[in-house]
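What follows are several structures.
Two complexes, one shared chain (subunit A), two partners (subunit B, subunit C).
Let's look at the complex of A and B:
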């Protein structure tokens, strides 16, 4: 259930140095240090196309496996295993030259055939990759020589390099990559104990810059308090994503720890089923948006952390505009809108609420808020698995709460078959056109317009943007603070001597 | 069989655990075919029973790892945790329980009863957190949680990792066990055979040791059997608080993910264990009480 976990998929908040944890002074770090990373997201297996969950991206992306492109912690897409590339004039043919001298952990050299195999693994019928759909414009992959890959598309796809950053390049001779690995990254998998920990050892034959540490151990916890205790007792050096704001008090203001707040793309959303009454009525949706005191909600859950948003687009996406003023908190105008929509006496609806934090608390908050405008909320608690069946697959619901961690997920409003059933032909067209745009400026212009329309339509009720908080021991530096796409690059982490 | 059907009556599909937002209808169907959840229930059941007969518990839907192998791995944490916790509990509860019964008129006898009553009322996770706060965070004597990557191959580290969890399990069991020991002892003290033994010239402690313990032990052992059995899976809370990769946490995760092979595997093995424990408790009772032995022949 990768996309529903509360771990943020992030873009950089602050581009450049401000987004990076303070760097250690030169040479005062231990080049063979063991970095112990505490996390709540244990991978279920080791293959990111086989339902391994977000934990595998955290442990393996950029560390064990690499892609043609890399989504950096600052949110930019940069060539990784690609030396150079060019697109044809019509944008339908991309030619990639691979970096020379790259080898897999097994010793085999990286060839074009491995790249073709790896992309086809994601687009394959049996693949469970969430990125499969975004690569659906690929019609063919050719390998004219060992260092060249040619990708043919059925339509322009401006996000191709970005989408390829999700595709691990795996040795085409590798077998059983659900339990072993054969990547090109700076670390190899040395040990994995299910339910407990996963260790990566430095790959001394790495083709690129060597890591600044000797070994990385990801230790997994199911209980946030146990994770914080591990940090307090020096059992772990860094916690990838703090999920309990209450616990931060133990670390802020304590010189032994560093607390960083990066940018997140995880949104808490009250998603209506826009197909069914009364939520097929835009006035009703706007009324509920105006009846929600989002500032109070965010504060009660995250204190001073987190950000208010007026649509699904976080401030770090290029197509962001501040839309928090479209439907500001205003109980009187909410009542007026309900009356106009024919619900002067209010109505009643069932809110399907996932059983884990923060959804039950958010549901109770909304229940109290909407009672003020005469709307009665019946809270129905369900498990994550039921959510998937009842809401995502069967679309059998009135309204639900969900955290959406996806990066660039405005595109879901361009798909009328998506679970929330928002269907505005203008938005559908804008989003499709944006992907086929010849230039990035054009793409940004179209998505910005789509963004404004969904906000005006109050397509969903975007409650707030989660914060992304990393806490570390003060002697550990160089870790990613935004953790975009759940990634946690370990190769730059330094531990003071 | 009941287990098998109940599991499948739960809403949700194991295929869901494998997929995320963005999955197409074909992907969902493919995933269901892969885990077999598209087959009729009776078909799934026959496959399961067939494999069980060969002691093949299958592989997890989610991790693809062999269920039996994974259970073995988890047992290396859960077995020591439960058994050591149990032994420590007995060491604590039996003497204290006897003292509480024999000296119930003294202040310390009463104090023991009160403290054990408190122990029963305290939730396990709270006790665990308390123990972590005191011994790991403040005193820094033992680690707050986790288990070494290499398991028992790294014996020293594994042993230290077990201390606080074992203590937590032990205190929880000891609290309830103590009450049984106390009431069993009280029954024994008031019984005819102790009075007779004393009339025949034994001192009270001598009568208690020679006749009392043996008699009091019989009901306590049946309670022990039941407690031990529930602790195997009940240790899940302790596993969570101390981040231990045990059987309980495996079961919990498997249920959340509708990972049927793992759920069935864990329940099958733990049922076997419970039966074995029950059997062992029975044997032990017969060993202690000759009257029960006699029943076999009659």
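Let's look at the complex of A and C:
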């Protein structure tokens, strides 16, 4: 049930390899270098269908395990273990040809049976993968020969290649992959010290391009300050994601460090329970959206970093349109909308606030802002586990704060059973139709339409998009800068001699 | 035996700690009372920019939301005092009652109570308080006070039991009993006035403990919920900005330390006055 880890809740399951930051000049780097990566996200176990948290995707996606497709750091979906594939006319049958000559770390060759086993692992009853639902249209997997996989669908699924990028291809003979691994990636797991570090060694028998380093060690920290200090004292080479602009002062303007700001998919959201009064009233939701000075909030939390958004869709999704103008900050019109909705004297609600940064400070900001329109916010601090049971499972809340890290998560608004209970039949239909669209252009058109409607409906209050800030020692280059879905491909990282 | 000179200098030292302690505690009391009628800014008003350094307008700068930090420190005094007084009052009410009951009880009940108290004391105060907070539905200032009060009561109860037992062995108690004085009268006329001086010094020490424990609870997110400006929560919020705006961590730290040291010095001074052995040496 650890769909979440203690810091970042909605965790993506995933996969991939990819586009990479500017690389150092050839020959300048040490091909056997050890790259030490500092992270706050220690995996709970080593299996991304067993509730390991986002940390396992950071360490293993594209590094240890690969998938049929890969979501690159640039946000595109590219074939990985697939040589070629084709879809039938009705879009219900996909035939995949596997890359020849791929072997697992144990030495077994990659076969169609492994792919079938791996997909069924994710869709299995016991799987805790957050991607299970998106693969639910799969009705059968056939393996006519060792290099061919045929997937049968009950309905068209334009995102199938994208969704398959989340499915690790695991050797079907592997046992207990919660503590060991058997993937096809450029690294093998050499050591896992629970509570502190995870070491990956270069796979010299790798089927593709060899990594530009010899070894990668992920070191885990529970405290952001300790993590930054580790970089300052040269105990790590790269910090995967800096969580506060204030610690950056130590690195910006210092030639010994490189700070990059990439695109993240992490959104801070004030999620209303759209099932219950007063949040079942679209005017109330729009009023609160207009009563929120998002620019000031973003500046308070992130200083000059981060991006304002008008819906859940970040600029890296193909169906992004700028919707920040739908409900701009305007206290007077917020008051007018509240009066129209029958709340001229305001109302009172409880905001269930996770106990870790930035939620408590965001809650206080909203409390002060909404007081100006007569709305009283009662802040109730809860733990991440309480959030999961009370809000995600029992849906017993009025409003809550949460950061949603998933890429392409507009689809949650097409699920009326999701915790925030947004139910607009038009959006549900658009999102379902988009998935059944014959072409990507058609899919993008439908999701763009759905995107505009959820913004018009102020389905939730999308406060801001986090920046993705990576800090490294200046002699280290070639790491991914966007960190989509928490991935952190290590195979292109170079360390200067 | 101390010489006359040493006794005099001892007395001077102790009266100094009494006065310094009284001054520090008094300062916090005055600030706390002042916040009831006036603060420089509304504590939740975002009156300045992000993390402004100290200035004439904002004596201790502003926090990330642009709220005046000095105002929040002042309100923190009020919260600390409310917590201290509240927790000690609850701890004293429960602890003294239990302690007296144990002192008067039959051996079996007394042993049972003593064993329970020993177990409770073996738990760190903070851990016990965390258990109580976790068991309640929502965190609030009231829950935190109750939790700390319960945690402190075990210490008070054990002390009360021992002190009361010692008094109950006195000849005048036996005399009072044989003359038919009621149980109730013995407690209020003989026992409590005799143990009160020692207890009150202990209460002052418990007060300091309670203030630190509340700051710890709030630091962990288990104390008064935001926007209550508890010092512990201010420290927690300042943690991420300690390099860019160190005042955010220093100011609540100074406030917390000055109150706790003040209370301890005051307790030292009071013990000097209350402790009968010191009175004899005079």
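What we mean here is this: the second predicted complex is superposed on the first by the 477 of 497 C-alpha atoms of A that agree within 3 Å, B and C clash if a C-alpha of one lies under 4 Å from a C-alpha of the other, contacts with A are read in each partner's own complex, and residues count from 1 in each chain.
The definition used in the following text is that a contact is a pair of C-beta atoms (placed from the backbone, for glycine too) under 8 Å apart; a residue touches a chain by one contact, two chains touch by 3 or more.
The structure displayed is predicted, hence computed values, not measured ones.
*Asks:* After superposition on the shared chain, which partner residues are touched by A:303: those of subunit B (first), subunit C (second), both, or neither?
*Replies:* second
*Asks:* Please work out whether A:125 is in contact with subunit B alone, subunit C alone, both, or neither, and reply first, second, both or neither.
*Replies:* first
*Asks:* Once the shared chain is lined up, is A:225 touching subunit B (first), subunit C (second), both, or neither of them?
*Replies:* Both partners, subunit B and subunit C.
*Asks:* Just to be sure I read the superposition right, which of the two partners does A:159 touch: subunit B = first, subunit C = second, or both, or neither?
*Replies:* neither
*Asks:* Return the chain, subunit B or subunit C, that is in touch with more residues of subunit A.
*Replies:* Here the partner covering more residues of subunit A is B.
*Asks:* Touch test for A:363: subunit B only (first), subunit C only (second), both, or neither?
*Replies:* Second partner only, subunit C.
*Asks:* A:258 contacts which: subunit B (first), subunit C (second), both, neither?
*Replies:* In the superposition, A:258 contacts neither subunit B nor subunit C.
*Asks:* Please work out whether A:266 is in contact with subunit B alone, subunit C alone, both, or neither, and reply first, second, both or neither.
*Replies:* Neither subunit B nor subunit C is touched by A:266.
*Asks:* Could you list which residues of subunit A make contact with subunit B in one structure and with subunit C in the other?
*Replies:* 225
*Asks:* Show which residues of subunit A lie in contact with subunit C when the two form their complex.
*Replies:* 224-225, 243-244, 246-247, 249-250, 296, 299-301, 303, 355-357, 360-361, 363-365, 367-368, 371, 379-381
*Asks:* In their complex, what parts of subunit B are in touch with subunit A?
*Replies:* Subunit B reaches subunit A through residues 11-13, 16-24, 26-28, 30-31, 34, 62-65, 70, 73-74, 129, 132, 136-137, 140, 143-147, 149-151, 240-246, 249-250, 253, 256-258.
*Asks:* Which of the residues in subunit C end up touching subunit A in this complex?
*Replies:* 44-46, 50-51, 64-66, 138-139, 221, 225-227, 237, 239-245
*Asks:* Which residues of subunit A touch subunit B in their complex?
*Replies:* On the subunit A side, the touching residues are 1-4, 44-45, 50-51, 125-128, 130-133, 178-179, 191, 193-197, 199, 217, 219-223, 225-227, 229-230, 232-233, 235, 383-386, 388-390, 392-393, 404, 406, 412.
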